[in-house]
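Presented below are the structures under discussion, each in the form of structure tokens.
Common to both upcoming complexes is subunit A, partnered first by subunit B, then by subunit C.
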Partner chain A sequence: MSLFGRAARLSTITSGAIRRRTTTTTSKTTRQCIFYKRYRQLSTKTAKTAASSDSWILELQSHLATTEVEFSVNKYELERHGRGESYHPTETPDVVVCPTSVDDVITIVQFCAKHKIPIVPFGVGTSVEGHVCCLQGGISLDMKNFVNMEIPNMEDDLLPDPIATVGAGVTRNTLNEALRHTGLQFVVDPGADATLGGMVATGASGTTAVQFGTMRENILAVQCVLADGTLVNTGTKALKNSAGYDLLGLLCGSEGTLGVITEITVKLHPIPENVMAAVCVFDSLQDAAQTVTMLKLCNIPLLRCELLDAMSVKAFNQYQEQQPNNTATKREEKPTLFLEFQAPSMTSLEEQVQMTQSICQDYGGSGFDYCSDEEERKALWAARHSLYYASVKLRPGAKGAILTDACVPLSQFASVIQETAQEIEEKGVVAPTFGHAGDGNFHTIIPIGEDDSEEYIETLHEISNNIVLRSLAAGGTCTGEHGVGYGKTKYLEQQYGPGAVHMMRLVKKSLDPHNIMNPGKVIPN
Partner chain B sequence: MKVLVGVKRVVDYAVKVRVQNKSVDLNNVKMSLNPFCEIAVEEAVRLKEGKHADEVVAMSIGPKQCTETLRTALAMGCDRAIHVTTDLRTDYMDLQPYAIAKIFEKVAEQEGTDLVLLGKQGIDSDCGQTGPMLAGFLGWPQVTFAANLEAKDGGIQVERETDAGTETINIPSLPAVVTCDLRLNEPRYATLPNIMKAKKKKVDTIAADSFGIDLEAHNEVLEVFEPPQRQEGIMVDDIDQLVDKLKNEAGVLA
Partner chain C sequence: MSLFGRAARLSTITSGAIRRRTTTTTSKTTRQCIFYKRYRQLSTKTAKTAASSDSWILELQSHLATTEVEFSVNKYELERHGRGESYHPTETPDVVVCPTSVDDVITIVQFCAKHKIPIVPFGVGTSVEGHVCCLQGGISLDMKNFVNMEIPNMEDDLLPDPIATVGAGVTRNTLNEALRHTGLQFVVDPGADATLGGMVATGASGTTAVQFGTMRENILAVQCVLADGTLVNTGTKALKNSAGYDLLGLLCGSEGTLGVITEITVKLHPIPENVMAAVCVFDSLQDAAQTVTMLKLCNIPLLRCELLDAMSVKAFNQYQEQQPNNTATKREEKPTLFLEFQAPSMTSLEEQVQMTQSICQDYGGSGFDYCSDEEERKALWAARHSLYYASVKLRPGAKGAILTDACVPLSQFASVIQETAQEIEEKGVVAPTFGHAGDGNFHTIIPIGEDDSEEYIETLHEISNNIVLRSLAAGGTCTGEHGVGYGKTKYLEQQYGPGAVHMMRLVKKSLDPHNIMNPGKVIPN
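Now for the complex of A and B:
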């Protein structure tokens, strides 16, 4: 990956070799980013930063000459580090730096604080709100070398704590793979194989949040480096903690704007012995949403609870037909609830499913199907698992999509999702809607075609905007899981009012007075 | 039927192996259950769950840490385990497939085994010899690279994967030796209750040199070295330069 290798090889870097910071544009991104012109104007791409961009990299390399830190200005590496998995245009850093120890991070951060160089910490780039876009260039701090793992040893006679301490660069699949024979797992599953550092930074969540909560509820301790180089250890290994300010809570969801996360201690949970998956079809989204509320009121513990609208099911059916060796049954194109349960015994599991079935039927549910065999469960949930790709395929030629995210109180869930589906239909847009029904959180996937007209794309952004406004009006949030990045900063004041935003600004100012930590994100200007 | 499953403790597949003192450096290196052996254990447990096997015994040859490997096999569902203790290296440096197969022969005979399930190869030595050698010593039929196994009518029907395609082999009656390949199954995750239960399952310990077998290596390892460091690539300015280099330097174009 590294064109110029380790810090020691100073001679190969000349001022001509370093690419000046420019924004990569392709025809696709040009169309998509017409609404983001104003964000590009925010970036301080002045003559001053461009001219000095070369010498500071050399200087930083000299500070790290005795270390194993890698630097790269390879064009493709810069681009890869300038984008996540969203429609936000690529904004490249000036250089990608890969530290190998906490001391490296401290050296780099202190250097950047002194010379006012932006730093954007980078995990694997799976975020979806432009988190890693380097709006002001600077350093993309790739945490890939922070891969230490400390997991429970089940051989000991004394049973270990179900916790694991991992470097920020460890991905969740890597952790779960290492935990395979411990009987424990890390439950937060945002879909992508994100790094744990990134998951803390974005406050990640997933389909198991309905039972286990989000990242917030699954971390016990975080180590990070502040913008002045201070090393901070927050939290403890104990399950509860009332000592001092909740720094863990502050860092979780801070999206790299308050410091560089280097190590995390996470909670683990037992891999369930007995799991059952169930599916039920409803005539309306309202009925399905009411069922979910009722299930919760009846105290039935749901492991997963996902709702797909009719268009999502249609997307799945079409997608499956195109697959070679298709064995999946075509599903009825109506709102469908996908549920999962776990219990220590098969009998309690069956009881839960039976109770669920009768509640579903009370709300007009039909076609209730359930199974416990792992292969069958996978087949039953196939529609939910392949949804992103199925949705993009709904529009032939579409390469990417706008992925919206909103979360409302459960009582408003049905009406908000209903109004969204209505607007989508009225505007004639292709946009399947699905949600973590148990949390009141839903997404729409709006595929964007390469040849889409500007008006069409404007309509798509309008829909996205209306979803947020609708959610805020319902007393919800502009983002349930994906985070703010820089596309949603404009909603924060509307959501919280000036007081909270002022408080956030104060926190940011005191922790990062020079605004070097992921500038342009989270806090509106 | 009684099933004997071979379980090897090897260097973890994700480890970047280094050479030290003319052999692979095993100091402080992460070890785990050989992936192909894990598949064999899973198949054995499935045979038991399908009521074809009444007992599954896991066996491992190696140092005291093999008990961890055996505990994993027990947690996955084996009934009991046999630990053949030795401090000889099992990655081909000391103990080699010939001697290992001889040990398995003795144990299979003692146990009255009907079916021996082994991984197709150890990911440390990559020999793939223990299974076939064992079948030879026992005089039993063998199927290697099993991708599907079905117990029926007192025998087994096995599909084996080759580069040319899949062969179906019928072994009308046991005993037999089968080595397991990747696509045979997906091994289960052991759950905590099973891990706890496994701590109580029986593990018999026998010293490797108590069998009266000559454990000496018949093949001498002459050299162990790391592959040459990959050369760093260079950037070329244009297609002409690329073609020139491919022709004249790399020699891959005429």
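Now for the complex of A and C:
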């Protein structure tokens, strides 16, 4: 099974698990988490829109009568589009609209601007902080028809530019599939098979960010439609550009609140010929974290660098045992580093791995193991890719989880995780932690069961909240890669102080004065 | 002589050359370039300010009476602060003000907001597109007192974070000097010894961007004061952050038009132990450019990758010959690549160089030469670092030059430079081209002599203009690293279309509604 296949399957399972939880949430008081209570109040704002929805939807349809734009008010489609893979409660749109051209998007946005109707852009719904939730109803703008792809032509006499221009609805696996014959790949890997439009909007990253950076470092140009219907082309096909404000950066991570992204030009990288994965076990998180810092200080170019705490390894072992025909070796339940390297030649690669082994040993690492075989590497990374599901499974009866995402300076990485683990243990909760150690970014997965008491759920949210507070105190951020959505708006002022939030509000208001673009997201109310 | 030493010396010489030209410009019609004619009109706006300048300066001084803020209306200081290293005409401020604390900056900005007085932040004036020119008079805000430095503590038991937090007035050489004992360095190298505040404001880059990226990829946090006096802290000390809009990106490259940058947290990188430089000569620019693309497609991690056209090599040779006690070998006057590599070990390094040599030979490269000796490397790079001055010297009687800065997709790099060289030859002009080939970024240096006719100067500006038009047609940008200043505002709409400029205007207006922050820069009037 390929890594991509595994990721796609995981994404389906996860979304199923969350769907069930969400459905229950709306019918049982005990399921109403603190976020839900807060945002129910917001959703009363949709009353007016909902009452008049038939008429405005019909009017919009008549505006687009000569186009191929699809509309849907099918209950399942509304539910699916309002949810994403978030653990936050779902609020559905009034209608799902699927434009087929940039002109359609402009028409829809101008109509919404005139009638003050919210628009929430939608890719495939893999975001996890409630980004696609339609807090104030309105339109879920599904970009599934934006699937154009312009990829390097390898038949040219001249070597092509390693870049691709794609529609916002193209997923990263689709792009990489199309690129297969070119020897190039798009490298940002958030796990899920997200759309490129969604990945720009969320400012996605993942396991490869330690070497290649996040979406921001991997996009060259973005086309988008602003809230007043203006079509904006920003960036160029050149690798550097200092002409005017960095609108590309502003749009990257704007989570649909500043405009609708329609097309993206991304950088591509050669598929490495020589890749090696390695594993090493440590007695403490501190030793593992120090090893990572030392690897970076020694200029070892890490392709991936993931840390699993002891409970994550336990989750992995238990998950593996439950698989049919399991033959995997049980891993030692200790802090473990999963590493990956690439180099222009096998000699350089082997040298990198040997230097790494030596540094690991300096910090008490044991059981250092490595492999270059593709299948073996895939099996190794499957451990990392199945960790969300494995963590949920660790707690019998759990059907979903609170998914946390904090990032701290490398020097604080071990102590923040250690303190989190201690709180988790003291409160008698099951919650493994793993993450992108090379960036100081970690996720604690806090499983929730169907029969959990309100008090227990409050404890879980308390742990999640404390992870953020601890990370902020350590000089870090409330979110390293998942974004703000509506789950983390309340932390922004605490993280930056009032000045930065004031500045964000000014920018938002200037570009979306009527707050029609994904209202309730990013900026605190 | 060290690379840094050479750069610093060059900077002095350059600024001298430009100063002379500028002085002449204000007295002779023949010196009035097209930009100057245009911006003289703007400068009439300063009349009101100038007339009342004594009173407002005295009022501001009284506001700051209890502080250590320095004021200067010394003619030389006003002239120096309005100029920078730009070839564009100088407009002086009414007063130079040197705050010593963030509170001072807030007081000054609030005063200016109330009285609608322009503020132009000033580092050491190494920008080249007229960024520090006070088009509407007002205050040149000199950040020379912001020299605090927080660097990694190597005495700690824990390995420190490879980051530094510095005041906006710290120059990159000062920072690197302070870091020397840590084994770490700040890697962005624009040539000049610019301040970190200026480098953020300009979004600087240079020869190392091909490996480490530009300023945007090397800053983690920025503190700034907005036009309404709000203090903004954005970013964190974590390596990744997706909490809210990318204000860091918005400020980086904003050229003082959105706020006054007071403090910056930058990433540091280990000083590589194993470094090797190499040179290779090609029959055509196309061969050299294809070599660069192939090196990137083969995953060879280039630390620097510079291309000199034949005329640049000629300029270098001639410059060397004119040096006292010259012993340098004359280089073949053909397109030449200057490369640099680093690796965790000598084995890997040698392998990189061997692979590079083999790829160079595939594209007809000859005279491949390499060295790891530090002194030899420095001598090699001195060629690159003296190129601006060498280019000016190539034309007897020239006292300065139009410095161009375009960036195009790698596949277009050779043809754009080739077409430029052809136009230069056809028009009988002396103008070498060199640049950061790994990024597709190049500079054509077009020397201007004191006795050049108005017609000839128009021809030079025509060449400069055509470089931009050619680069835009090739999918590139009017500026790869120097920024817009007021020299390139006219190209923005042509580059992006009206939508992006509209978006930039909205952002500017929201953050600086009275246009007091560096008015006339970045955004076209």
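Here is the rule we use: the second predicted complex is superposed on the first by the 486 of 525 C-alpha atoms of A that agree within 3 Å, B and C clash if a C-alpha of one lies under 4 Å from a C-alpha of the other, contacts with A are read in each partner's own complex, and residues count from 1 in each chain.
Criterion: a contact is a pair of C-beta atoms (placed from the backbone, for glycine too) under 8 Å apart; a residue touches a chain by one contact, two chains touch by 3 or more.
None of the values given here were measured: they were computed from a predicted structure.
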item	value
Partner chain(s) touched by A:Ile163 [first = subunit B, second = subunit C, both, neither]	second
Partner chain in contact with A:Asp439 - subunit B first, subunit C second, else both or neither	second
Subunit B versus subunit C, judged by how many residues of subunit A each one touches	C
Contacts of A:Pro270 with subunit B and subunit C, given as first, second, both or neither	both
First, second, both or neither for A:His181, with subunit B first and subunit C second	first
Contact residues of subunit A, present in both the subunit B and the subunit C interface	183-184, 270, 272-273
Contact footprint of subunit A on subunit B as seen in their complex	32-33, 67-68, 71-72, 75, 189-195, 232, 235
Subunit A-facing residues of subunit C, complex	158-163, 183-184, 202-203, 205, 209, 213-214, 216-217, 226, 230-234, 236-250, 252-254, 258, 269-270, 272-273, 290, 293-294, 296-301, 342-345, 347-348, 351-352, 355, 407-411, 436, 439-441, 471, 475-484, 488, 491-492, 495-497, 499-504, 506-511, 522-523
Of all residues in subunit A, those that touch subunit B in their complex	3, 5, 154-155, 180-185, 270-273
